[in-house]
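Please read the structure below before turning to the comments.
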């Protein structure tokens, strides 16, 4: 149960890292290199597994219901991670719609869970509402690590 | 102050209608035709005015800060509308990113404010997380009116 | 929109009356006869209409999804009513499963919305958890009216 | 105090397993077999002990008050378990009324604690409100284990 | 339903006045004389009626259960009044135990509902915890009116 | 009771205007001139009366306790105003410490009540934490009116 | 810091035991004898120390302010204990006013923290409101231990 | 990650110590000398580092935005510390504006997190609102240690 594991004996809650795989690995490597004592958590990021999360509950003819069941099963994990996280990082790119990422940001905002957005400058305008409620906007994984280092300095 | 007005003397809270102009007008017309006693509210939907909401607070060289200020000013309105709404309708289309719409849906979900999504079938998959937390998925304004009629029947 | 109407100008919130039709009518008539100034609200109690609440959103082959859609649409109404109610009356009988009634009672309990159960003595044992969190157990509509009279006396 | 024990040093909160004995044992065995690091909790499931929970506080002539006292004592345990659980599994069968199970599901729904229902297809209709607010509907203990495996995958 | 009536059209929530009859009448008269636009509410203060609130639900052999039922019925009213009140006045005297008054003060404190205590100087010591969480300690009804006048001045 | 009056029959909650007298009057006049339908509320701004709010409860030898009693009595009003406000305006100047204004801003931030700061540029640095959680920073009363006009436009 | 210590690594939150010394020791001994794995916490029960809690902050001429300061200092401890407790036991006797005990019970009730009352039968009537919101009424420390044993059984 | 570390395995939450360096060190030394088992946390108190917290996210021409970014990054830390703290100590001096300290006090007050103020007598009047919501006012670090000793006594 690594994904949901927060090391409470160390006084931390989970840190949910939302971005796509390459950036997340850079953030985790950077945090390790900096000696930061952070537990990283994330949603299921194997897209095929995520899309099929509800298939074991029975087949569906309509794509909507297949998606519906899988999204709900995945939400059991994501919802708990967000509610227990100290900081959430939300990654936006130009290629995908990522409405789920924006949805999670809104969820964080309503729960007062601080989140950092990670995206390039060219999508600043369509993300203005999401950025307005964020605690920081970063353009590189290194900046996210830098923020974590500052926040956790002794 | 029509936009923020809920007729509490009639025992209703606001209904925030989020969709783009054409659909919202159809929903409001349909509700009126059905004799439904609903107060419709909405964000500022004049895009130019919305983008310029923070300009009166001073010019900004960087687009990020202009957007930031405007998004925060607009959020004063949107946040209050969502928190007071009985039902929110969130419209998604294929053309725009509409991360703000997904953000608002996440905000509703965290606050337990019921919301209805309004979108075509071809974007069911990228919206699966947003739909999973919704109370209904409609494809036409008439369906939204139909839901409101059912919910408000005597 | 009578069903959702609370007369806030009179300082009351809704009273949600959940029981089946005959008892609810007796309670409402009793309250009127006693001159009590109460707004009664209720879920959609036309069973066929309630079961078909989601049909306008498209047909379903599987009964589960038809039920699912209708239950969610109905929940928009029920959820708001319970959250705004001062007192909820939950009716249990021997004939039906009424898991929705018990579900609503649990929802009330978690929200600290006071509720009164209305049921015969022969089902006291299976209802013990539901009754334990209730503010009163009544066996007749007249008793419910009597409680309302006491609670609202000058 | 095994029943209430969550291993916080491992970053998990309790998992409350509500179903009748045979299914719960299957779920626990399946989770162990899959190497899942889960703490299972449950209400007191010795029915006689549960019904007698309040007897030490004095005898009662009326069955209602005996039930009342026992249900309240049991609620000390159940309430805490539900509030601390990450996921609740609620089992429904055809034989019993199980209003307490539906009550617990409503309690979960109001607290935003995710729950999974476990029941056969033939009671889909009377459970539609309970299923509508659930994160998944399973028909076998193996499916519940499957969901837990997915939710906890690395 | 005068007792529960808040005049929301005037923008006020209830004011719950808890003290015994003589002091409450002095406060209300003083407020009227000062032209204060306040809605006063209170628990049922006819002690015999209050003690008998649950009697219509059936006779009880044990005094504990008679008290239990009546206290719960009365709590439907008191709980709602406290949750909706802007200010609560809690009166303590030397003669009675008034554990219910202290209970209500604790309830106010947990809900952040401001309350004023009204009692003589000779019971300052046993009331120190109750006074510590109060917004003011008054010794006369005139002082309570004075506070209300200040709080409501233009 | 004008100060606490929100015209709920018009669907608005209070707007608490915190700034010193000259600016508040400019904001109110500007809002009236713009035809905005806003209810303005404020703390007691007669400083002498505010400082003496607790005097009627008895004299104090120590200034601390005189201040303590008055601050608590005033808090009955301020607390209610902030909790019911849609928007709070907090004014900072160079002359005074105004720790109460910063305290109120922190209270707003924790309650998610949107607030606007009104102050000159020369105190931007010491106010950075207060501004960071605000929805807007204005330097003139006209800008505050401009924000309100935008937020309330049809 | 034993008094505030909850052994989270064992998955338990504190248990606050409120009764006077003799009963508390009986409950703790009984729990130990029964092998219950419970962390007991309590307010400062050295009355002289409790009354003098604020003395180090400076002398007071008026008994009210000495009590006020001490009660607030003690509340730092009590408030945290109650908010973290799984179960609170509140003891009432005939000799003292114990308004603080009733205050704590009201605080528990508003926070939905389960509490058990411990008192003799002769004060059932004045405690009816406090008992009505309790999860159990016990007359002996042994009964409290019995409830804890049941609640924690495997 | 020492700064954010609470030793949950010891059942304590963080204690956030807010005062300037000299006083904080005295408090921590005093607590150690007294054998108190407390985890002290604090904001980043290296002023230059704190002011530059956002610089890694890009340069800003306007001081306001530099401050804005840094304040938000710092708030990730402070906000979490305050929400997890059992007790917060807020230090005020005569030299600085310390609006952030007052802001944090207001944040604590709204969250019901107990806080102690630490300041000299000559600023009692401007701090009256902040002190009114505090659990204690101390003038020396020794007094703060004394309060902690009392609160944590066995």
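Which chain is which? They are A, B, C, D, E, F, G and H, in the order written, and residues in each are numbered from 1.
The working rule: a contact is a pair of C-beta atoms (placed from the backbone, for glycine too) under 8 Å apart; a residue touches a chain by one contact, two chains touch by 3 or more.
All values reported here derive from a predicted model rather than from experimental measurement.
Among the remaining chains, the Cα-based centre furthest from that of chain F is the centre of D. Comparing the residue numbers each copy contributes, chain G and chain H share less than half of them at their mutual interface.
Chain centres here are Cα means. That of chain D falls 29 Å from that of chain G. Work out the mean CA point of chain F and of chain H, and you get 25 Å between them. The mean-CA centres of chain A and chain F are about 37 angstrom from one another, to the nearest whole unit. Centres computed as Cα averages put chain C at a distance of 48 Å from chain H. Chain H has residues 8-9, 72, 74-75, 112, 137 in contact with two or more other chains. Chain contact summary for the complex, chain F toward chain E: residues 1-9, 14, 39, 44, 46, 49, 53-54, 56-58, 69, 72-77, 79-80. By the touch criterion stated above, chain D contacts chain C in their complex at residues 63-64, 67-68, 70-72, 74-75, 78, 92, 96-111, 121, 123-133, 137.
Considering their complex, residues 8-12, 36-38, 86-87, 112, 114, 135-139, 143, 146-147, 150-154 of chain H touch chain G.
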